[in-house]
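One chain, chain A, appears in both complexes that follow, with chain B as partner in the first and chain C in the second.
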Partner chain A sequence: MTGGFGHVLDLITRVRGVRGAMLVAGDDGVVVAEQLMEGIKGAAVAALAASLAGRLHRAMEAAGVGASVFWHLQADRGTLLVVPAVASGILVVAVAEPDVNIGLVRLELLRAAETAG
Partner chain B sequence: MTTRAVESWTLQPLTEFVREASARLVLLMTPAGQVLAQSGFSRAVDVMSAAALGAAIVASTNELAKQLRQPPFAALNHQGRRHGIFLSTFALERGTVVVLAVYDLDVSSLGLVQLFYEQLAADLTAASPKGGAPKQVLAADFERELSDSLNTLFGR
Partner chain C sequence: MADDIRALSTQLAQDPQSLVFLRLADALRRKGQLDAALRVALNGLERHPHLADAHDLYARVLTDKHDYARAFDEWDMALRIAPNHTGALKGLAFLYFKVGDLAQAEAHLDLARRVEPDDPTITQAIEMVRGGASPPSPEPAPASEPAATAASPTAAVSAPALDESRVFAGLEGAQEGLLLLDAAGRVLGGALRHATGGADVTDAVAAYLAGVSQEAARTTKLLGLGAWTGLSAEGRAGNVHLAQPSPEALLLVVRERGVPLGRLAILAQRATAMARRWLERQG
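And then the complex of A and B:
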């Protein structure tokens, strides 16, 4: 499901080691568009990433450091990378292998956020 | 937050749903508005109103779907400024269960409620007693049954 955002998601999924990319409505936690490998539960990732984004946003505000522009969660078997597109309220999410080139994915997420925004 | 059940097998799945989805108010009921369990309500009159209104919405959306020659709507979500209302039904062997959930947009979201609603439906299906339809409430017994249910739901 890409809903006309295929070209935005292509920017991310073409990076080696990325297993999927999604655009998520930040307020609702529902999937706007996704390109995911089999086995990734898109709806669950979207809902939980949006919930986390909301909490992080409040934490950043409370700390007086401004809005987050990129977050990276490293787990044993993979990585979750998120860039919030502030203007549109969309979250650009990538699920990747643990050894993915983080810098490159970050760059593509920021590009995708700019396009989606 | 208080969670109470008329049908005890609904209690554990409902408690988990409330915790995971951070729902503020939840009602489990039949399409006729008979309450199976509730969470977060503090007054019996609110439960009665919410059950009646929820059942009415389910009935009218089902009828609308019929008019459109479509299968019944899977779920309905209404989002206000501070709260969202999620209403959905699923089928058990014993009959259809209606779930009405109210959530704060500050602490939850449609995505979270939908996600854990699927888990709730699966848990209730697993926990539901097998065989035999639930006892039907006759019109003559309705008031007494309602009163008994409310007493259970509010621990009187």
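And then the complex of A and C:
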């Protein structure tokens, strides 16, 4: 499912080590578009990512560091990277291998967020 | 020397807020009682976190213990507080020399010489660096430390169990940018100040972070990524890092935007190790 956002997700999934990418509605955690490897439960991941983004957003605002521009959750066998598109409230999400080039994925996520926003 | 230490210990016991801890820790360090020196320095740093001399002293003890990475951070901190601190400049020069960065070593000594042009030891150190010899370390301790006992003169100042009450004692930003929480968002240690306003926001942030650890764990499990090891976030005015010192605890590190996420992760690793030790001691 990509709708009209296929080209936006392509920007991200073409980076080596990226397993998939999604656009998620930040307020309700619904998948807007996705390009995921088989076996990844997009809807559930989207809901959790949106919830996590919400908590993080509130905590960061309270701490005075402002809304998050980019965040990534590191795990033993991979990483989840997220950029919130401010204007639309959409979260641009990537799932990647642990040794992915974080800086490059970040740039592509920011670019995708601009397009999606 | 022993009499000095005893007298200084007594003075400090009578007035724990005084700066006599600087002289006491240095005396202990020179005598080779490095663990005792470390405790005194850490205790003093806890009470005077914005005193450059306290960071300098702590760095000297760490250097004597060959803990160069933490010594570097302490001297770096001393310079942020007091950019012309010659002790810190000389200390960093020594560490740069040790890792083979002669240019940085000389640059730091040059800065020190500009501050204290009449100090012959700085000129001598510059000449040594230029000649490829190591500049003198910040007055190394002469001997290994005898075992501390309860009757040790330092016992009076070695603390009402410093680490028992202060999770992040001695760590940069312990009272304004480090927070340890339990799973329900209750504060276990550290404190947080608003990045721009300076107000205490410890409880508010803790409340918002309740449940984050479990949610992160569910997300990574669902993705087949295994256990989560950290969460880094870049904000418009600052950066944050979350880590999990134990399954029931969450650690938050907050720093200004100028501190890159990579450095923040290193700082978080150190804080996580301290938090883990503290949690273990709590049983």
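As a convention for this text, the second predicted complex is superposed on the first by the 117 of 117 C-alpha atoms of A that agree within 3 Å, B and C clash if a C-alpha of one lies under 4 Å from a C-alpha of the other, contacts with A are read in each partner's own complex, and residues count from 1 in each chain.
In this text, a residue touches a chain if its C-beta (ideal position, glycine included) is under 8 Å from a C-beta of that chain, and two chains touch if they have at least 3 such contacts.
Because the structure is predicted, anything quoted here is derived from the model rather than measured.
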| item | value |
| --- | --- |
| Superposition on chain A - do chain B and chain C clash or fit | fit |
| Chain B versus chain C as contact partner of A:51, first or second or both or neither | both |
| Which of chain B and chain C A:69 touches, first, second, both or neither | second |
| First (chain B), second (chain C), both or neither touched by A:43 | first |
| C-alpha centroid angle, chain C to chain B via chain A, nearest 10° | 110 |
| Partner chain in contact with A:95 - chain B first, chain C second, else both or neither | second |
| Broader residue contact with chain A after superposition on the shared chain, chain B or chain C | C |
| First (chain B), second (chain C), both or neither touched by A:27 | first |
| Superposed arrangement (fit on chain A Cα atoms) - minimum chain B/chain C Cα distance in Å | 9 |
| Intersection of chain A interface sets (partners chain B, chain C) | 44, 48, 51 |
| Of chain B, residues touching chain A in the complex | 79, 105-106, 108-112, 114-115 |
| Partner chain C, residues of chain A touching it in the complex | 39-41, 44-45, 48-49, 51-52, 55-56, 58-60, 62-80, 95 |
| Residue numbers on chain C that touch chain A, as the complex places them | 192, 194-197, 201, 204-205, 208-209, 211-212, 215-216, 218-220, 222-240, 252, 254, 257 |
| For the chain A and chain B complex, residues of the former touching the latter | 24-25, 27-30, 43-44, 46-48, 50-51, 54 |
